[in-house]
Amino acid sequence: EAPASVPLAAVELCSKKPPKGTFIQKADAAQEIGLMVRDLRAVDPSFRSQAAAILPRQSGIIIHLAHVRVIVLADRVLAFDPTNPAVEYFLPKLQRRLDAPSHPMPFEFRAIEAVLVEVVSTFNARIGTLIPSLDLVLDTLSTTQDFGGDTVQNCMDRLLPLENALNEFGAKVAQTRAALNEVLVSDEDMSLMYISTFKETGIRRRIDQHDEVEMMLENYMKQIDTVHSEVTSALQAVKATENATQIRLDAMRNRVLRLDIFLNLGAVSVGVGGLVAGVFGMNLLSGIEEDPAAFWIVSGISFLTSIMFFRGILAFLRMRRIFY
Amino acid sequence: EAPASVPLAAVELCSKKPPKGTFIQKADAAQEIGLMVRDLRAVDPSFRSQAAAILPRQSGIIIHLAHVRVIVLADRVLAFDPTNPAVEYFLPKLQRRLDAPSHPMPFEFRAIEAVLVEVVSTFNARIGTLIPSLDLVLDTLSTTQDFGGDTVQNCMDRLLPLENALNEFGAKVAQTRAALNEVLVSDEDMSLMYISTFKETGIRRRIDQHDEVEMMLENYMKQIDTVHSEVTSALQAVKATENATQIRLDAMRNRVLRLDIFLNLGAVSVGVGGLVAGVFGMNLLSGIEEDPAAFWIVSGISFLTSIMFFRGILAFLRMRRIFY
Amino acid sequence: EAPASVPLAAVELCSKKPPKGTFIQKADAAQEIGLMVRDLRAVDPSFRSQAAAILPRQSGIIIHLAHVRVIVLADRVLAFDPTNPAVEYFLPKLQRRLDAPSHPMPFEFRAIEAVLVEVVSTFNARIGTLIPSLDLVLDTLSTTQDFGGDTVQNCMDRLLPLENALNEFGAKVAQTRAALNEVLVSDEDMSLMYISTFKETGIRRRIDQHDEVEMMLENYMKQIDTVHSEVTSALQAVKATENATQIRLDAMRNRVLRLDIFLNLGAVSVGVGGLVAGVFGMNLLSGIEEDPAAFWIVSGISFLTSIMFFRGILAFLRMRRIFY
Amino acid sequence: EAPASVPLAAVELCSKKPPKGTFIQKADAAQEIGLMVRDLRAVDPSFRSQAAAILPRQSGIIIHLAHVRVIVLADRVLAFDPTNPAVEYFLPKLQRRLDAPSHPMPFEFRAIEAVLVEVVSTFNARIGTLIPSLDLVLDTLSTTQDFGGDTVQNCMDRLLPLENALNEFGAKVAQTRAALNEVLVSDEDMSLMYISTFKETGIRRRIDQHDEVEMMLENYMKQIDTVHSEVTSALQAVKATENATQIRLDAMRNRVLRLDIFLNLGAVSVGVGGLVAGVFGMNLLSGIEEDPAAFWIVSGISFLTSIMFFRGILAFLRMRRIFY
Amino acid sequence: EAPASVPLAAVELCSKKPPKGTFIQKADAAQEIGLMVRDLRAVDPSFRSQAAAILPRQSGIIIHLAHVRVIVLADRVLAFDPTNPAVEYFLPKLQRRLDAPSHPMPFEFRAIEAVLVEVVSTFNARIGTLIPSLDLVLDTLSTTQDFGGDTVQNCMDRLLPLENALNEFGAKVAQTRAALNEVLVSDEDMSLMYISTFKETGIRRRIDQHDEVEMMLENYMKQIDTVHSEVTSALQAVKATENATQIRLDAMRNRVLRLDIFLNLGAVSVGVGGLVAGVFGMNLLSGIEEDPAAFWIVSGISFLTSIMFFRGILAFLRMRRIFY
């Protein structure tokens, strides 16, 4: 566990008051809000790879979803990591929602909904940049005929980082989904989330009364599901296209190899014809040196041998079905 | 969240009344029907990629399955996205079912069943076009012997879009299935769906009395399961055929390469014979220039060298089991 | 939904009475037995791809498992699709079980057990034909050394349909398993299945009294599990063998390519030797035309050049570890 | 269902009495022990592929795990398939445990623990032979540089049966795990297992009192989990090594093909040089026949052409980045 | 089961007392702490591959997570395998936590938290060494253009052990996660863990009062989840990079093969030109021996034939789209 001594920078937001920067000592905050020091790790931005979490506690709800790290209390919200540009951009939107005059839901749910809206719109923005780039690469890859050139190479160079980004993003979405689901399956957690009711009346909500929060969470979970299924679809398309590309590269290679066979057969045939010419080029007595027709006859034989050899072997291969 | 100010085009259908076009303000509708504005996103056609959902609420059931986006109320149905041709085609069928005089089930279930029948038949139509095209490609791919030609290439060009379409369709079916299942596992949701009973008597259905709706939903879920398992089977067949094709392409390539070895061995052999002839073609004194038999002997040696070399190397390779 | 007007052919079986052919109007039957028309789709043979289902209803149990489509009532069984040879073959066996004089279980469970026995034995028969054929192909594929010949090709041609059949069969078994499991997890469904008790006494079975039927279903589910795990094992073996074959084809190809390198190196070497001979074959004055030893020296140089070139390049490649 | 007429060979073991061979008629045994004939199939060795099962019944527990097929009763154990060497080897160990004088657990749990100990040690023995052989093959495969020789071929020939054996063994372990788990999730089944308490007192154990048996089963399940995760790890290592081998074979092939290009380029270059020499070998008047320097000049040109052609094409290919 | 006679080395730690080395007889310890001998296997270091486990028992909690094997009692901790360097390093940290004066939680939870902190930090350290090495290899592999050289080979040689280590580590993390989860899903187990309360007051905690321990376990489980999802991401990246590498190797091979075709076509063309020259090299009368222009004409024809043949075949192949 990291030492709790470095204070965390935070911004405190209330309804209809300007936000106020502050520094929070983990130990003090824990005591004040009534939670364990370790619970605060979820909102400590120095734990970069911390999983998404929604932790309803006695008098506050600790939320870490995507870049948003907040503690929602009955009448104020502590937002952490305020120097992160994404967070800076989010805070005014959060403030606006907290100020909404006639909103039917209590303070804490207005805050949570603001967080969920932010998370979903961040996810949608991310998928809105990833998917089109991916589609472009996959389209090129699945229509190119240029299997010996640079296209496939280029596509793969661009596909791999996209695929990795998509995998990572999918894991993040799944984590967020899991954090939401964990709350949704626990009646206890959901009734615990009515912290303003508890603060005002001093009575805990009955464990089966949490319809508003359940419907709200369900609604955003469905939207996250939509994002998740788009990521899954995209990854399936990557897989399918990669498989198809491999088979098409293989088929193309077979086609090229067949051609190679023709050329090699041509080379042997020419060699055989050359051998015929070669033996008559020897400085030995063939006995037909003086025959004026011999040149043309033997030349013809030489060329014909080449051609006959080529066609003969080819016919043989085809007949034996070794080659077709 | 999108601004709620653009009214949604909708059609209102009652039993035995002509359908009536209307425009609905999200905020007004939410208030009137007693649901949150965000619930209406499920039926807003501008959210194209929204996941399938069945949301039973206080006095209405929000349904978005495939192209159907409706809110079922106790005595009328609001159908959204009415300019979509698939919806236009569906509305008369829905009206007929709502008008059915002697149907034993209450209004809201007649509407829901109409939606489910529509969804299932849409799915069946889609699978009825996808599977035969796919089978055709897979059959060609798994029987072709033409591994160096265009057939594999062509098949892959047609297979990839089909596979992607199938993956997407499968995801859609799975989403629909999940939406149905979500209702089926919640006794509360299912009793909530008896909205006409509630409207007439003012009493909520007991939470364990929902046999009719449960059986109805189960029945259509089974049909969607059937579709889903057909999609899964088809994708397995694609996978199996792709694997087999890859292995067959590989085997074919090995066969072609073996042939290549023969030809290359032939080329070397002819070269060796040519070398013999070549040295006697040099303008140097071999001392047998005048021997009349020499030509035939050396020619014979040249050809024999070629043939012996070829057979010798081949026998050697076979003996050493490097080649067989 | 198909029009309910075409009557379904069926056979009615009672205990100790001869079976009786009959035609059933869906609507009439639904009314008489007390179920919805749509429930009858499970036993309508015109819905070929309908998933397996066991649907306990008020006064009858609708069963569709494999080729068996029956409605079990308190004192008789309606068997559908009677012209299907598999069904024709099953009916006498069902009748015998219904007639069993001293069987301790009530009528409806005797009928259900007969169906389950039939399904399990059908599955076992199917797997008994599939697995041996598959094993034969896999054995051939995993032991053949003939990677350039027809064996792999032939094996793949026979493997693909077997794999597809196995996938389909596995899906069917999984569906049947799911249908059984769905009943097994619902105490309500299982007590509902005591239809003869209800008919005789007019009282519903208590929801937690269903030991006999639970044990019976569990027992057959275990047997179906066995079949399912055999299918899974077989598919794993297919996957493993395909992977191994691909690697072995690749290894064989590398071996062939290494040989190719030797031959190509041979071809170049012979060409270099031929070049030496060729320059002395030019009609130009080398100045050693008259030297009687020159022929032998230059011939020797020519041949030696070939051999030295071959060995030199080979040694160089090996030293640089480009080739080994 | 097989006819119940063939008696099953069995051995009856009691505490502190010598084991006694016996033959059991399925029907008689079923009646005596109070179970259905079909329950006995789990212990009938003629059903070879029967899945693992633990079936707690009225007055006995039917167990089939790995090679052990026993019925545990309140004061004796019936062990089936006694001629199987593995069973013969197990029976004395079982007897010793039944005889243990001061063991705190009742008779039936001593018997069950003996079975579980046997199963776990059998599994451990099996994994102790499979994993080392596998590791040997995988190590060879992942370190060999000999991609054109026999090593890969040999490794694959040994890997495939090992992989299949591991898959089968994993399925068996998973089945055993499932059988244990099925009992562990059912409070009812676990309290049913206190058969001696029932026999002595005539009262059923309360459904939530089964701590000892639960802890015992959990403990052995954890050990089976360990085995299962070792199998899974081994299969992952196989998969990873196969993938890596395929990529390394591919990389090696590319390296060999690059070499091939060099050699082919060499062959063409030598051919071009030979062509130069060839035209001067023609019996035609070049006009420089008598020039004494011509031989050396043209020879030089011929060789230089070869070398220049080789280097020129290579430089061109490198410049165009077609080859590097 | 191993004989219980070899005593286990252990260290006993209390709050504010120096640790004390001791040897524990399994049988004695079991009796004293009130658990079965077999429960002690989880902390016996001679069972190396034993799965992770948290076993709450009557008066002690047996914990085996990663290298930590302890029994937590109401007022002391028995730590096993004390000669293991990792354990030696851990014990002082454990002691410090046990000594913490003002910690709000009872002794046993301070001990458990110390174990969990240790496990999580061990996991984080491990992943902190594995992931960077892996990223280095994957980066090299996905950016190299050197597909015929040593880079891919080298990368694969380093990737395979990393992948295997990651798989093993992932399995270990998953096991640890499962052990934590098993406790978290059992209200009974969690209330059983308040062993000091029980020791002091003699009353068991009510089964639904375990908020502190639940939150503590959940918190560490989330951190283990984070580790697990990092491992999963890394393995996905390995898979994606391997796939991409295979496709890039294939594409590169096609490019090389295309080049091969050019060279082979060149070889045949040169051969054809050589054949022309060859026939005029024959010692036969062509009738143009004396024509002074013939040499240049025929030489030109020979070279032109080569070039025309090359371009002609190439154009033909391109026209027929066999090659492009």
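Order of writing sets the chain letters: A, B, C, D and E. Residues in each chain are counted from 1.
The rule is simple: a residue touches a chain if its C-beta (ideal position, glycine included) is under 8 Å from a C-beta of that chain, and two chains touch if they have at least 3 such contacts.
In this text, all values refer to a predicted model and were calculated from it rather than measured experimentally.
The minimum number of touch steps linking chain C to chain E comes to 2.
Taking shared numbers over all numbers used, the chain D to chain E interface scores under half, which places it in the different class.
Averaging Cα coordinates per chain places chain B and chain C 20 Å apart.
Here the spacing of chain B and chain E, counted between their Cα centres, is 33 Å. For chain C, residues that reach two or more other chains under the stated contact definition are 246, 250, 252-253, 255, 257, 260, 264, 267, 271, 274, 278, 281-283, 286. With chains as nodes and touching pairs as edges, the resulting graph is a single ring in which every chain has exactly two contacts. Remark: ring traversal beginning at chain C, heading first to chain D, gives the chain order C, D, E, A, B. Chain B contributes residues 117, 142-143, 215-216, 219, 222-223, 225-226, 229-230, 232-233, 236-237, 240-241, 243-244, 246-248, 250-255, 257-258, 260-261, 264-265, 267-268, 271-272, 274-275, 278-279, 281-287, 317, 322-324 to its touches with chain C in the complex.
Put simply, chain A touches chain E in their complex at residues 1, 36, 38-39, 41-42, 49-51, 53, 57, 145-149, 152-153, 156-157, 159-160, 163-164, 167-168, 171, 175, 242, 245-246, 249-250, 252-253, 255-257, 259-260, 263-264, 266-267, 270-271, 273-274, 277-278, 280-283, 286, 288-292, 294-295, 298-299, 302-303, 306.
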